[in-house]
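This is the structure, below, for whatever I ask next.
Every chain is named by a letter (A, B and C) in the order it is written, and numbering of its residues begins at 1.
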Amino acid sequence: MTSVFDSIDSTVFRSYCFWCAALVIKMLVMSVLTGLKRHAKKAFANPEDAKVNKVKVVNNDPDVERVRRAHLNDLENIPLFFAIGFLYILTGPSVSLAVNLFRIVGISRIVHTLVYAVVVIPQPARGLAWMGAYFPTWYMAVKVLLAFI
Amino acid sequence: MTSVFDSIDSTVFRSYCFWCAALVIKMLVMSVLTGLKRHAKKAFANPEDAKVNKVKVVNNDPDVERVRRAHLNDLENIPLFFAIGFLYILTGPSVSLAVNLFRIVGISRIVHTLVYAVVVIPQPARGLAWMGAYFPTWYMAVKVLLAFI
Amino acid sequence: MTSVFDSIDSTVFRSYCFWCAALVIKMLVMSVLTGLKRHAKKAFANPEDAKVNKVKVVNNDPDVERVRRAHLNDLENIPLFFAIGFLYILTGPSVSLAVNLFRIVGISRIVHTLVYAVVVIPQPARGLAWMGAYFPTWYMAVKVLLAFI
């Protein structure tokens, strides 16, 4: 019996898995980064956490909010890659194109975090890093849409 | 050798892929929409962006916040569909039911964005559009839960 | 013809599907919880909703914000599990280890919501529940990264 997954190229699939795992780890690190900033700035969003640290609730610390914006931007973009990257593989793309798209998305999102929330670098650094994942995601989504219309 | 994916119906799977791609594109458009509103209203959340535009940081512009609430509502609902829609296919649902569920979820989420963030239409428009994706997602989740308990 | 999915163990996969469905349902419940709190406290974020209820827009009700923080924490963690849990299965883990990891993640995230947003319990309850999903997700991500490097 054959399945829709029989045609998956193993090089492409391995690359997808690798970059998914790398981006999952990158997103997990955001939680640590937020926690570190909250402790460094004594800026806690939960009354129970503020109480333990004997401070008042702070919801507008600029450093904490910067990390949270970077994290939210991840949430807006990276799960889309998890979903569409997988379906894109099923459209039978060229191996080198697919592997390079995954690589560009993965590296761009890592750079995005670095220039947004770790060492703040003036624009267009953040914008370019964002585009590096955004446009490949668009491309993959359009390919999937057309393949399964 | 057989796999758990051998039984996937190709009509159902194609419909799933199509609507996933459509919703990925819909979510990608939210970023453009947010960017357009930020520029139109000169309301930037990042100091470096505000500086380039020679304005102060604004975090409470009602039009920008509306688009962001619509986007957040997407984040709360659409990735759940990506995950549970895929697993629901593996429960061997009726083809027409599954295809119609995917269609209702996809169209509802697109309408939700239109009435929430593009042309604001009074309630219950937004509520109904939200339910159109919410209840089918519940149904699929319960079916998956019962199938794999 | 063989596919990358042929080696999936069905016990592990069923456990994955079950916990994904349970967590999708858990996240869907967050929307109900937010809605209930908004109505109980008359704290609506949308002008059109506030108007229907004849109140002003309220964006800082502590009970509503608590549920929203719990929900956001779900968004930061649970979709990562959906993605990496699936890929982790493909690395051919021991059945009992994989099933227990999925169980720990699932139960931890449910407990996290209960102690964060339903019955507020002092720390370290929330922190421990969060770790119960966080560290297994890290473990799975590293395993996938190393398997597909």
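Rule of thumb we're sticking to: a contact is a pair of C-beta atoms (placed from the backbone, for glycine too) under 8 Å apart; a residue touches a chain by one contact, two chains touch by 3 or more.
Keep in mind the model is a prediction, meaning the values are calculated, not measured.
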Have a look at where chain A meets chain C and say same if over half of the interface residue numbers show up on both copies, different if under half do.
-> different
Using just the Cα atoms, superpose chain A onto chain B and tell me the rotation angle to the nearest 5°.
-> 120
Computed distance of Cα centres, chain C from chain A, in Å | 17
Shared interface positions of chain C, touching two or more other chains | 2-3, 5, 75, 79, 82
In the complex of these two chains, what residues of chain C are touching chain A?
-> 1-5, 62, 66, 69, 75-77, 79-80, 82-84, 87, 90, 120, 122-123, 126, 134, 137-138, 141-142, 144-145, 147-149
State the interface residues of chain A toward chain C in the complex, per the touch definition above.
-> 2-3, 5-6, 8, 10, 13-15, 17-18, 20-22, 24-25, 27-28, 30-31, 45-49, 52, 71, 75, 79, 82
